[in-house]
Amino acid sequence: MTNLVEIRALTVEATTDSGRKIQILKGIDLDIAAGETVAFIGESGSGKTTAAMTLLGHARPGCRISGGTVKVDGHDMATLPEKERAALRGTTVAYVPQSAAAAFNPASTIMDQVIEVTRIHRLMPPDEARRRAVALFRALSLPDPDGIGDRYPHQVSGGQLQRLAAAMALIGDPKVVIFDEPTTALDVTTQVEVLRAFKAVTAQHRIACVYVSHDLAVVAQIADRIMVLRNGAVQETGSVHDILTRPAHPYTQELLHAFHPDTGGREALPVADSAAPLLEINTLSAGYGPPQSNGQPLVLAVKGVSLQVKRGTNLGIIGESGCGKSTLARAIAGILPACKGDIQFNGKELWHSARQRSHDQLRDLQIVFQHADTALNPAKSIEDILGRPLTFYHGLRGKARDARVDALLDMVRLPRALRHRRPAELSGGQKQRVNFARALAAEPKLILCDEITSALDTVVAAAVIDLLKELQRELGLSYVFISHDLSVIEAICDEIVVMYRGQTVETIIPADRQPPQHPYSQLLFSSVPKLDPTWLDTLNIDADRMRVA
Amino acid sequence: MTSRVPSLILGRLLIALVTLTIVSFAVFFATTLLPGDTATILLGQAATPEAIAGLRTAMHLDDPALLRFVYWIGGLFRGDLGTSYANHMPVATLISGRLANTLKLAGLTTLVSVPLALTLGITAAMWRRTLYDRIVTIATIGVISVPEFVLATLAVLVFAVYLKWLPALSFTYNVDSFSGLLRAYAMPVITLTFGVSAQMIRMTRAAVIETLNTPYVEMALLKGASRPRMVLRHALPNALGPISNAVALSLSYLLGGVIIVETIFNYPGIAKLMVDAVSTRDLPLIQSCAMIFCFGYLILITTADIVAILSNPRLR
Amino acid sequence: MKTHSSTEPRASTGSRASTGSLTAWSGYRINLVGLAAFSVVLFWALVALFAPYITPHSVGEMIDLDYFGPMRPGLWLGSDYLGRDMLSRIIYGARYTVGISLAAVSIACFTGVVLGMTSAVLRGPVDMVVSRILDAMNSIPSKLFGLMVVAAVGSSIPVLILTLSVIYVPGAYRFSRALAINIDTMDFIMVARIRGERLPYLIASEILPNIIGPVLADLGLRFVFIVLLLSGLSFLGLGVQPPYADWGALVRENIGGLPFAAPAVIVPSLAIATLTISVNLLIDNLPQKIRDRSAS
């Protein structure tokens, strides 16, 4: 036995509610040497998490390992009795979940949960376990390593919980650790810190890692080898360098291509600056909660933001979660009426609340939400979803409406046959196209796009962005594009506004190719992972120092 | 961090108070809208008009309804529940002994059913999808689907008619010996226990299963925890709120249950008193009994909510 | 009788999402228990519907010289305390039990669901006031409410139907409001709102299609509660009044036969039990798709 992990011809089977069986992993082979990090990469539904879970001998409810072997340190996790499997979990193989916030029991303290592994397997006395945990907290550069263990999970931040989950996995001195998309839910600036902490600790203990991710750039920083999965089958396996420079499989090439979006064709602003702006916002403030004595809401999420969108151009708003960018979009759309400031749209002042705006104003300003799953009524057919705004705004019925629905489907490059389907029968990318087509049905002048590519896989998102650009050329629209993802915004926007703590800190025009000036924008821009595997190691930022600035 | 809990509990108590006001309003007006003149009923058809008029003034019967409501509520606070139409005794006297009897019955049922139901509910959740779980589930569905009087009828058939262990329909008030006490209370308590436990088992099972499906329980599994550890250390502490909620809500079933059980077993409790009062249309008695029932119910559901607030670790 | 757990909407878990798209239609499978339960419910529905055509004897006719007679050919379910044919009385009793309950549950659920969806969409003061009042009504135990109404206005079939439906409006309201609030947080409702849609469109076209499955399942459960409450009231002598008799009243009439286990007291009890247990089992074995709050 030469390798720590040896997976041979592994298949996993899922049983549907009707009793039908489907293979979700179709014969996987993989070796992992001690201390090596292998990344499983692929889009959602590719089976990457399922594959990683088999190392723990675990399959989610409804699934089971149906064939092959998963040898970890000489034990076949696929055939071992449950009791012996349990003995290896936490001591030989450990798991770091995607959402640490959900994986911590809200009813007990963090320390109790971190050292639980040592208790279950009787590894060491509690005092020693606690000392060890504190040492790990320190190694993972958590703040207040001595005191953080006494808190409850809801009392610490998401980035900290993710590192605490890693401490929980490492306490039993495992030989293999599975990281299941551990930074996906984090902001880019936090992601950098967490990745660094993971990398340092696993290298120090010479732990083999399986790193499940959809993000090629993140994987490039942390992995030695990459296994590309699609539809439950391995597409290719190779060293990071090989995969990034000489991708053999077409799917890998597509993935890589999606990383270099085409930013050409938007070098100069198409309309002269002298024209009146389409949308102009002056010192707009908005927030949540009951109004206080000063007339402001309890929590002010947007504080005096001013910006302009010129006709036929796109404005990007970027910032991390909680910076107020989505609140700003909601205030512009009138969903969350602003408490102060004014909104000029198409030369007229807009009411703060959508209820008071005119039919035409509502029609001209559309918003598209992030999650097509919840933005499309699951009980209605695509035809009804697209048809309603046609009837509501334009009075179209019968044949005229049908023809227009077909035209809209054509516009977003969807087959016309989809019109009779329901949203649940569509893929994520298709749903997002329908979501967008519904906004187009109104024939608006401006579309607010709230993180519309964030829930999509990289390749699908890139295609949606291309579509948006094309439609803009054809229809002369403007977009306000809200995202936390710089590459998406750079691909489509003429101007980028950086938001931080409810305010705009800087406006950047990509065509000018000027580096950001404000320290926060610098931090944000430099935190976006690059495909270059040396990026993380050479990155010279101190996030905490920058944040204060 | 700790400041939210008192304000939430205070809010819940306030809601209970508002509810109690609305309920007493409803109880008072539902029963005063009745046809028939109270004074005439009290004094009988043969009374002189002067006597009736005198009584009307004494009882504030000519005052506006809202004012009478205020008098009535004031009376409730002083312990003055009015006078029974049927036998002209103070309602408070009629109720006091009966209330104690009903509380005894309810208390005994609680003592039996809570441990029984929690054990069955939690174990059924632990061994979900086993034969044991299926039997428990089907049995509880069977019991909650059946009216209390059918349960009581069945209990009589089994224990009194076929087995001849216990007295059947009449409540023999012979509680001198322990066995006598046991025999006297057995049938009503058995019937009530069935109904209360079935509710409680169902809700407890659902609460535990819900917490067993959370990611943190899966995480415990992936740490190598045994099944008992997953249930006892991870699922149960988080299911505590919903379970206590279930206990309080199921106990509120007692309030409906005793009405039937006291009638069928001829048990001298407050529910029997009320059913009798309905047949004689004894309004003050009905009002008072109704208020006692609503009050008890409100205490239980408010307790359930407060326990849920207290056991939420996120509010700690 | 109130079962709070089963009236609260189920929390939907994301755990099935991974296989959801593959099994979009397979959720409509029905199983054997569900089928058997459905047959029993259908049986009683048909009995209630065709009662006048299938009764062997007139309900009021005393045909047996003996009272509490045993089961025998010609008197398949024995005779009651006056020597009347129990089979005929059960068949007619089905009319009252099923008919009254069905009428009451329809009124209760229609009112509750419309109010619930309206509250969920309007929020704010409307929701507050309606919720408070209905919650207060909910804190009057149902049997007690029935007792009070009967004490106040006496018992007749229209009064019974109305009382039973008033008692179960708050439950239907609570249930549908909770479901509708979950739907209301979805972005597609927001999209419809800022399109400028009005309340009737929002509740009828956007919300109702997404909650109709669980609402119908809830209607079934509430039907069971109403059958139980109606039977309970009749058993106390406060429900259906002679000469009419529903199943609860039949148990009351013949309770004297209990010490010698007469069929006249056992059979109506069994009739109630078969109906309510079947409805409950039917709902418990409904295809997952219908019970869950939305078809996501």
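For reference, chains read A, B and C in written order, and residue numbers begin at 1 within each chain.
The rule is simple: contacts are C-beta pairs under 8 Å (C-beta built on N, C-alpha and C of every residue); 3 or more make two chains touch, one makes a residue touch a chain.
Chain-to-protein mapping (UniProt): A = ABC transporter ATP-binding protein; B, C = ABC transporter permease.
What you see is a predicted model, and the numbers here were worked out from it, not measured in a lab.
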item	value
Farthest chain relative to chain A (centres taken as mean CA coordinates)	B
Contact-richer chain pair [A-C vs B-C]	B-C
Averaged-CA centre spacing for the pair chain B (ABC transporter permease) and chain A, given as whole angstrom	50
Chain A and chain C (ABC transporter permease): spacing of chain centres that average the CA atoms, whole Å	46
Computed distance of Cα centres, chain C (ABC transporter permease) from chain B (ABC transporter permease), in Å	22
Residue list for chain A, restricted to those that touch at least two other chains	none
Shared interface positions of chain C (ABC transporter permease), touching two or more other chains	15
Partner chain B (ABC transporter permease), residues of chain C (ABC transporter permease) touching it in the complex	1-6, 11, 13, 15, 132-133, 135-137, 139-144, 147-153, 224, 228, 231-232, 235-238, 248, 251, 255, 258-261, 265-266, 269, 272-273, 276-277, 279-281, 284
Residues of chain B (ABC transporter permease) that touch chain A when the two form their complex	1, 214-216, 218-226, 229, 233-234, 237-238, 313-314, 316
Residues on chain A engaged by chain B (ABC transporter permease) in the complex (per definition of touch)	56, 58, 86-91, 94-95, 97, 99, 102-108, 116-117, 120-121, 152, 154-155, 168
Sites on chain C (ABC transporter permease) touched by chain A in the complex	15-16, 18-27, 29, 186-188, 190-197, 206, 209-210, 288, 294-296
Of all residues in chain A, those that touch chain C (ABC transporter permease) in their complex	14, 16-20, 22, 45, 60-62, 333-335, 354, 359, 362, 367, 369, 371, 373-380, 388-389, 392-393, 422, 424-425, 438, 442
